[in-house]
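A short worksheet on the structure shown next.
Chain lettering (A, B, C and D) follows the sequence in which the chains are written, and residue indices restart at 1 in each chain.
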């Protein structure tokens, strides 16, 4: 799959840095990037045509975080507008992998990259499978047989 | 009720300021004091002989926050040890009011005072009453007939 | 001052509830409302024509939180869109008081009301006065002689 | 280096899960593990004989987070006591790498593992070198010539 197609897969959403997200270094505390990734996943779901809240509430299925990683390239600062770019890197009906880019809206500078892996679970945190009606959203991202893990 | 008795009612617990709790002013972000009050309530429950987690999990009863207030006197800083002092100010089987003092462990300086009010609810956030077996913990704090509004 | 005029003073901004802002009651943790108030203040500054970030960075002046209060009327939930309404309640060149309404965007239901008081300080948290060029933003809100504390 | 020696290098500290750290899945939100890692680093510094706060305040040197990763094995819950185990994995005077284990205090169950990389910077986030007097703390962990990245 070419670079252009991968780029098109990213769903973008914007967050504005909150004062509470800064720390005494004067920049955004690094743990908040995981929260922004989560904001990115919710926007990704909306873009694909469903609500993550509904998937939890109506189907009782959760995408529990199993792994998270982030590489911080350049600090984000209070009141900066930040673009969170989210794409599915790999999906099965049991495990979903997302990847992220965090960019400054002014200038497009790359601030961070990251990835998360999620296990599909039921309400009791037990492994489960994606509900049938949700599979199309995740699998349309990755052609049959593709393995981009 | 005399000053001495009120003082005895406070349950103390210690938190150490985390880096993530600071903001770009170089002091603890003010929203964290509400989290510390909550840590104080959990310690208060333990001191009285029960676990707030159990009250939620076993009885399905919650103390939902209905009001919160805080007055900030002096800033707390990274790595400071902080004493959270928690007391019940007033309790019925439907509404519990707590008050708090936040002090520096080194020197005892008063950093903040606050109060919260809680409505007893069921799992669905509907008003309820304190489970019978938990009433003694809250009511022993305040003599019958006292008007502690 | 009539109800209509007060209403016009509110500056509105929208936040979308983040998963990280929920707690195990299944609703937004109460401490986040103070963060939303802060988001409201930043939006209020932008609406008036200046940036709070600039006031800190260029003038070295801070609006340190001295008091905060919130009354929670109805819970906010994951993915809800929330309107944060922010107005100056009272302002001198040393102390600024804001008030807030938190409403559900869908339906306009009142979720919480609150208020904060801020002391103008320098970088070292010492009391100071609003820089001359910023006074107009705050004082235009409150006619001379008004005392709505 | 044998397994036993590596184990001895871990510095342990305990945190108790706060209500505010849970999310609507009923478990600790995953971003909090990065905050616990940070609590672990502060405890590690104290154990070695210095204060991270002092290194920032007195020397103007920071350990800026450049990378963070976490693998979540089993959820942590409200009121659980959690052991944060922290060790230096690799250190030069420009880059420090830590690794972590998060365990349940009751039973010792492994809840998560993680690692962070930190670039030594000055106050302005520019790359710098560990102050001379601090090097011994980090380098005593890793024998000369060792490369365990």
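Assume a residue touches a chain if its C-beta (ideal position, glycine included) is under 8 Å from a C-beta of that chain, and two chains touch if they have at least 3 such contacts.
Remember, it's a predicted structure, so these values are computed and weren't measured experimentally.
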Query raised in the report: Looking at C-alpha means, what's the farthest chain from chain A?
Result: B
Requested in this report: Please work out which of B-C and A-B is bridged by more C-beta pairs in contact, and write that pair.
Outcome: B-C
**Report entry** CA centroid of chain A to CA centroid of chain B, Å
**Finding:** 36
Query raised in the report: At what distance in angstrom does the C-alpha mean of chain C lie from that of chain B?
Result: 25
Report summary line: Residues in chain B with touches to at least two other chains are numbered 19-20, 24-25, 27, 31, 35, 38, 78
Query - In the complex, chain A residues that touch chain C - result: 16, 18-20, 35, 38-39, 42, 51-53, 56, 77-79
Report task. Note which residues of chain B are touching chain A in the complex, please. Result -> 19-20, 22-27, 29, 31, 78
**Report entry** Sites on chain D touched by chain A in the complex
**Finding:** 24-25, 27, 30-32, 34-35, 38, 56, 62, 64-72, 75, 125
